[in-house]
Every structure is written in structure tokens, then in C-alpha cells.
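Shared between the two complexes below is chain A, which pairs with chain B and chain C, respectively.
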Partner chain A sequence: MKNLALGFLCLLLISSAGFTQKFITKTGHIKFFSESPMEKIEAHNHQVKAGLDVSTGDMQFIVLMKSFEFAKALMQEHFNENYVESDKFPNATFTGKVTNIKDVNTAKNGVYEALVEGKLTIHGISQQVKEKGSIEVTDGKINAKARFNILLSNYNIKIPGAVSNNISKSVEITVEMILDKLN
Partner chain B sequence: MKTWHKVASLLVLTGVIAASLVFYFMYNKPHPDYENMEAAFTLSSADLYKEFTADKTKAGNKYNGKVVEVTGRLSKVEVADSLTICVFAFNQGVFGDEGMRCTMLPGYSGKAKHLQPGADLKLKGFCSGFNDTDVILDKCSFVK
Partner chain C sequence: MKKRIQPVLIFSLLLLSLSIYAQDDMTNLLNQDTKPVIDYTSATFKATRVIVGQSCENPPTGNLIFLFSHHFGALNTGYENLFGLKQAQVRLGLEYGATTWLGFGVGLNTLQNTWDGFLKFKVLRQSKGARKMPFTLTIFGSTSIYTTKWSDPNRKNYFSSRMSYATQVILARKFGQRFSLQIAPTYVHVNLVPTPDDHNNIFSIGAGARFKISQRVAINAEYYYLIPGQIKSIPATSALSLGVDIETGGHVFQIFLTNANGENMESIVTQTTGKWQNGDIFLGFNISRIFTVVKPKEFR
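For the complex of A and B:
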């Protein structure tokens, strides 16, 4: 009886491990872009850490603000020191779910619509977000993409009056991550 | 035109040109030359990782935004898109290897790609912070 119970427990552990399918990356890409009548501002971060559990849809990512790269050094300085205050708030994070993960078949190549909901935290302020993206499955890898806009005021990011014409109040965020299956 | 008018016009014009030049050079100033910057701290990659895992806020206040020189034994080199990353792994977690990830400057990528795991390295770079599993050094170069 004891052996039977032990065998059942082992079977349970093996089967639950089988259902946990995590995909990860540490080199995800996030771009933000703002366009105003005065100038365009674009920055890239290629070191985004992200994870997606396709058995539950749980998704998270973490971004170091100091890893954003701008074409102009002055913009990068202002971004870190004045706007996102990266010494005080070094990370931005997202914790949420792909709510329709059951529609995504990671065993079959294809492009699937992804409905993403969760908590986006930037500049120490968390907001609920609900966006559409896509998940492309290619030979066991996942390419997750999304593009959406955020209002800087929702994250308490203040633009000084002197440069308010140079910086748009809304910023477009583009996310592109190729996630590998965690072995 | 009276002489003082001419002098005043010349002063205003000089001021405008000077202000424009200052703005132009400030606006277009180059990115810091991390390769030739003096490191603010020199320590082993293992010790730096330990400080961040012990207290990420305290370590962040100390190292984030600074040029840090580290030594360590290479675990692997990752190549992703245009990035070449030297990895020092000290732990295993949900996200695989955990430790320090050093993104090389383009001029050092070629050399980094040919390194073998186990190589002893000394490099420096800009500390971007800790993402709960890894300390990130950007714009890294090898130190002789």
C-alpha cells in the first residue's frame, strides 16, 4: 500500500511537471517612441527578462530603466534623471496573464492572437492594462509581440514646461521577445 | 547708426551665437566613453552578485550608474541579435542561470565570441542594475 501511494505521488509529480511549460528570455526587446511637433524620441532596451508559462498563461517581465539606449546622450540623461528617476525606480515590471492562452498551441507553428491583462509598474506607479498582442510559434520558440500606448501622466512622469512641446504626453511601447522553452 | 547701437547689436548677436553653440553642443554631446573611463569600483563578479542578492536597494544605490570593474570565471557567452554577453553564473533558478551578464561593446564582441567557458576574465562596464536574478553590466570592455 505504501509503495502504491509512493508510486502515485511520483506519477503526480511527473505529470504536473509535464504540464508546466515555461518559456523565457533575458534578451527581450522593448522600444518606446514619442513624436511631437518638435522632435521624435526613440529608445531601445534589449535586455528585458521575461517569462511565460503556457500552461497557465502567467506572464511577467522586468526591465532595467538604465539599460534604455537613446541616440542622444542628453535625452538618455534627462530620461534617467528627470523623467523616470531611475536611481529611485530602477525597474519597470509587468505581471499578468495571457487570458486566452488555451488558444495557443505551442506544438504547432502559427500566429495566434494574444489577449494580455495585468499590472504594469513604471516609475513606482502600478496600473491595470489590457492589450492585444500576438504569439508566433516557430519550431518550439515563441515570438511574443505587442504594441500599445501609455499616458505619462498615469505613471506620474512629469514633463517640465520648458520642454513640454518636445515630448509627447503619450508614448508608444513596442514589445518583441523571442522566448525559448525552459528545459 | 550710432556707435553704441552698433556695439549693442554686436553684443546681442554674439550672445545669440554663443547660446546657439552651447545648445548645439549640449544637445549633440556624445555618449560617455565607458571604455576609457576609470572604474569607480573593482571587485570580483561573485562579490558584486552577493551584494545585490543580499540587499538590492543598498547595492543599487552604491553601484547603479557607475563603471565597475569585475573579475571572474566565464560560464558561457550568449549571442542574441546584435548583443554578445559574457555570463558569470552563480546560481540556477526559474530563469536558468543567475549571476552577472556583461554586454560587450561592439569592438569587443569578436574577442568575446571566441572565449571558452572557464576563461578567467577582467572586464569593466556600466552597471545598469539588478533584475532580481542577474546583475547587468552594459558597454563592457576587457581590461588588460
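For the complex of A and C:
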């Protein structure tokens, strides 16, 4: 009986160890961009934490809002103080899945389409999203890319009337990150 | 019996822990070994001035601020003078943020054709996270030189007689999201004073507060308490200012009422003679426009 239990335990440990094929980064890049007739707004964040478990497709992002850098200091201050309220909501997160992860072979170099689905949380508001991206495998590393648009109003980010001509209601998000395999 | 339960128990415990592990696994993985970051407080005050006096804020690094300050005449001058609208006291200023801790600027004041130049050092920055600092400490130093004609050109006049200096230690704290407060002990040295009864070294205690009423509008109050008995030749008094900050994208608009006629630190402390109770109040505004001179790395 004891041996059986031990055997189970070992099997379980082995299987869980064999199953976890996680790729992570802590220096992922997210850019956001919006253009209106009056003003172009662009910001970069190079400290995005992201993880992908290729055995399950589980995917996660943690984005520290204060790490976004803008061309204009005043814009950055407004972004944090007035729009995303970084003190109240320090992170934006994504928790979801690459639904077609089975099509991705991390042992073979190549570019694969990735269908991503999950919960995107910005400014304390969660929305279910479904976007397309790509996964490029290069020598055991994953280069994940995606470009999509979000509507600020979906995340309760208000644009006051006085500057509504300067700020576009929709923002383009570009994700680009190289994930390393976790040993 | 005991022997049979134990393995099952262990097994189910293991399963349970594994399932919990799987959910939080990624989050923990991403959060482990990340150094906590220093979270600096931003916008303790919205502008580099609370109202007429300096705030603890420096111009953002690599940014040039053009600051136009304007005071009308006194409200109590009556309709004949359109309640002060016919007069103006102006300061044109430029200031620049060289680093996160060093700012400097120059200004030209119409009051006695005074030029002023200043340095502003941010010594401590309020922060939380990896470094906890309860307040911001800024040291301000300025020199003012008035350039109007000598009142008595026949006697021997020295250039140094035109100069005066101000030093301030500005201690500020932002309490939550809406309220900020600063205390600024101020020392002014005037090289040449009108009479022997006037002190050359003058002390004042400044205080400023900001209360944010909406995302873009804040109410400010500022007081420079002149310690009595230092200035005898003119009825110098403390300076009280009340104002509103309105943010509009690239600029901050400040509109206020004050009894301080001057717009440089030296004259705010030593040459404020108007009294609120007598209606010696000036309507004024500051308009600032910010220009990014050195862009952050990413955008070069």
C-alpha cells in the first residue's frame, strides 16, 4: 500500500514536471498609440511581465501602468493622474489562453498564428477579449506579437469634452515580447 | 485502518495543492524575484508655483516652461481705474528641468525692471514602494537685481546695492489624491535697505495648500507670514493668495487674488504692502506652456 502511494506520488510529480513548459519574460514591450487630428499620443512600456504555458495555453500579462513612457512629461502625468488613475489601479492584467496552442510546436522554428482569448483588466474594469496574434519560435524562444484596438469607454476611462478632439476614443495596443523557456 | 487512510489523505492533499498551485502558479512566477520599484508621488502641486510663490515642483526633466505671470492693479482703485484693470505688473519667465533634481530659471519683472534668476534643488522626493519617503524637500535659491535708475545718481552707487537674495526650504507632502500641503521657511537678504531701521535679513514663513476638486481643477491657497518688526520704512505685511488651477492639455492656467504686488520671491516677502481688509487685492493669472526640449530615449 505504501509503495503504491509512493508510486503515485512519483508519477504525479513526474507528470507535473513534464507538463510544465513555461515561457516567461519580465521585459516585454507594450506600446500604445492613438492619433487624432490634434495630437498623436504614443507610449512605451518595456517592463511588462508575461508568461505562457505551452502545455495548457495559459497566458498572463502584468503591466505596471506607471512604467509607460511618453514623449511629453505632462502627458505622462495626465495619463497616470487623470486617465488610468495609476495610484488606484497600478496594474493592467490579462489572464487567458492561447486557444490553439496545440498547433504551436516549440521544438520547431516557425511562425504560428495564435488565437488569444481571456480577461483584460484596465483601470479596474475587466472585459472579455478575443484577439489574433502570432507566435514565432526561434531556437526555443518565443516571440509573441499582437496588435489590437481597445475602446477607452469600455474601461471607464473618461475623456473630458475640452480635450475630446485631442484624444482618440480608440487606442491601438501593440504587444511584442520575447519569452524565454523556464528551466 | 490507519495505514490505509494515510496514503489516500496524502494523495488527496497533494491533488488539492496541485490544483491551487496551477491557478496561481503563473502569477507567482511572474511576480517572484521582481524588485519592488520606487513609486514616486507625482503632481504634489500642478505647477512650479503654488500661486505667486514657488511650489516644491521642478520643471519635468528636459522640459522648458514659459511662464507668464500677470497681476492687475488693486481692486480698491475704483471705477476710474476700472478696478485695477488699467494697470499691470508682469513677469516673463523661462525655467528648465535639467535633471530630476535640478531646475533653474530666469525672469524679467516689470516691477522696478527686476531681473531674477534661480536654482531649485529637489533633495528628497515623496515616495512609497521600495523606498518610503513621507515628504518632498526642495531647496530654492534666487537672486534679484532691479535695474531702474538710481534714486540719487549724485552719490556713489554700487551695483551690489541692486541685489537681493532669497532662500527657501520647501517641505511638501501629498496626502492622498486630493490634498497637498507645503511649508516653506524663507530667508531674504536685501543688500541695501532704505533706512537703518530696516533689517537686511528678513524672515518669512510660507505655507501653501492645494485641493483638487476635479480631474482638472484645483483650489490653492498660499500665505507668506512676514515676521513683524523687520521692515520699518514701508508698511510691509504678510502675503495671502487664493487661486484656482485649471489644466488644459499642454498648459496650466492659474487665476488668483493676492495682495502681493511683486512676482519674484524677494519682493513678495519684502514689498507686499496691500491689505486684504482694505481691498488692496490684485487679480492675477499665471499661464504656463511646456515645451519638450530633450525627449525621452524612446522617442529620439
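Criterion: the second predicted complex is superposed on the first by the 172 of 183 C-alpha atoms of A that agree within 3 Å, B and C clash if a C-alpha of one lies under 4 Å from a C-alpha of the other, contacts with A are read in each partner's own complex, and residues count from 1 in each chain.
Just so it is clear, a residue touches a chain if its C-beta (ideal position, glycine included) is under 8 Å from a C-beta of that chain, and two chains touch if they have at least 3 such contacts.
No experiment lies behind these values; they were computed from the predicted model shown.
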{"item": "Combined model on chain A: chain C and chain B, fit or clash", "value": "clash"}
{"item": "Contacts of A:Glu42 with chain B and chain C, given as first, second, both or neither", "value": "second"}
{"item": "Touched partner set for A:Ile24, first chain B, second chain C, both or neither", "value": "both"}
{"item": "First (chain B), second (chain C), both or neither touched by A:Leu74", "value": "both"}
{"item": "Touched chain A residues, chain B compared with chain C", "value": "C"}
{"item": "Touched partner set for A:Asn82, first chain B, second chain C, both or neither", "value": "second"}
{"item": "Touched partner set for A:Ile62, first chain B, second chain C, both or neither", "value": "both"}
{"item": "Partner chain(s) touched by A:Val111 [first = chain B, second = chain C, both, neither]", "value": "neither"}
{"item": "First, second, both or neither for A:Ile125, with chain B first and chain C second", "value": "neither"}
{"item": "First (chain B), second (chain C), both or neither touched by A:Leu151", "value": "neither"}
{"item": "Which superposed partner A:Asn91 touches (first chain B, second chain C, both, neither)", "value": "first"}
{"item": "Against chain B, colliding segment of chain C, chosen among 2-10, 38-46, 182-190 or 272-280", "value": "38-46"}
{"item": "Shared chain A surface residues [contacts with chain B and with chain C]", "value": "22, 24, 26, 49, 51, 62, 64, 66, 72-74, 80, 87, 90, 182"}
{"item": "Complex interface listing, chain B residues touching chain A", "value": "26-32, 60-61, 64-65, 78, 80-83, 85, 94-96, 101, 103, 126, 128-134, 136, 138"}
{"item": "Residues of chain A touching chain B in the complex", "value": "22, 24, 26-27, 29, 46-47, 49, 51, 62-67, 72-74, 76, 80, 86-87, 90-91, 182"}
{"item": "Residues of chain C that touch chain A when the two form their complex", "value": "3-4, 6-8, 10-11, 14-15, 18, 26-27, 29-31, 34, 37, 39, 42-43, 60-63, 177, 215-216, 247-250, 290, 292, 295-296, 298-299"}
{"item": "Of chain A, residues touching chain C in the complex", "value": "1-2, 4-5, 8-9, 12, 16, 22, 24, 26, 39, 42, 44, 49-51, 53, 58, 60, 62, 64, 66, 69-74, 77-78, 80-82, 87-88, 90, 160, 162-163, 166, 182"}
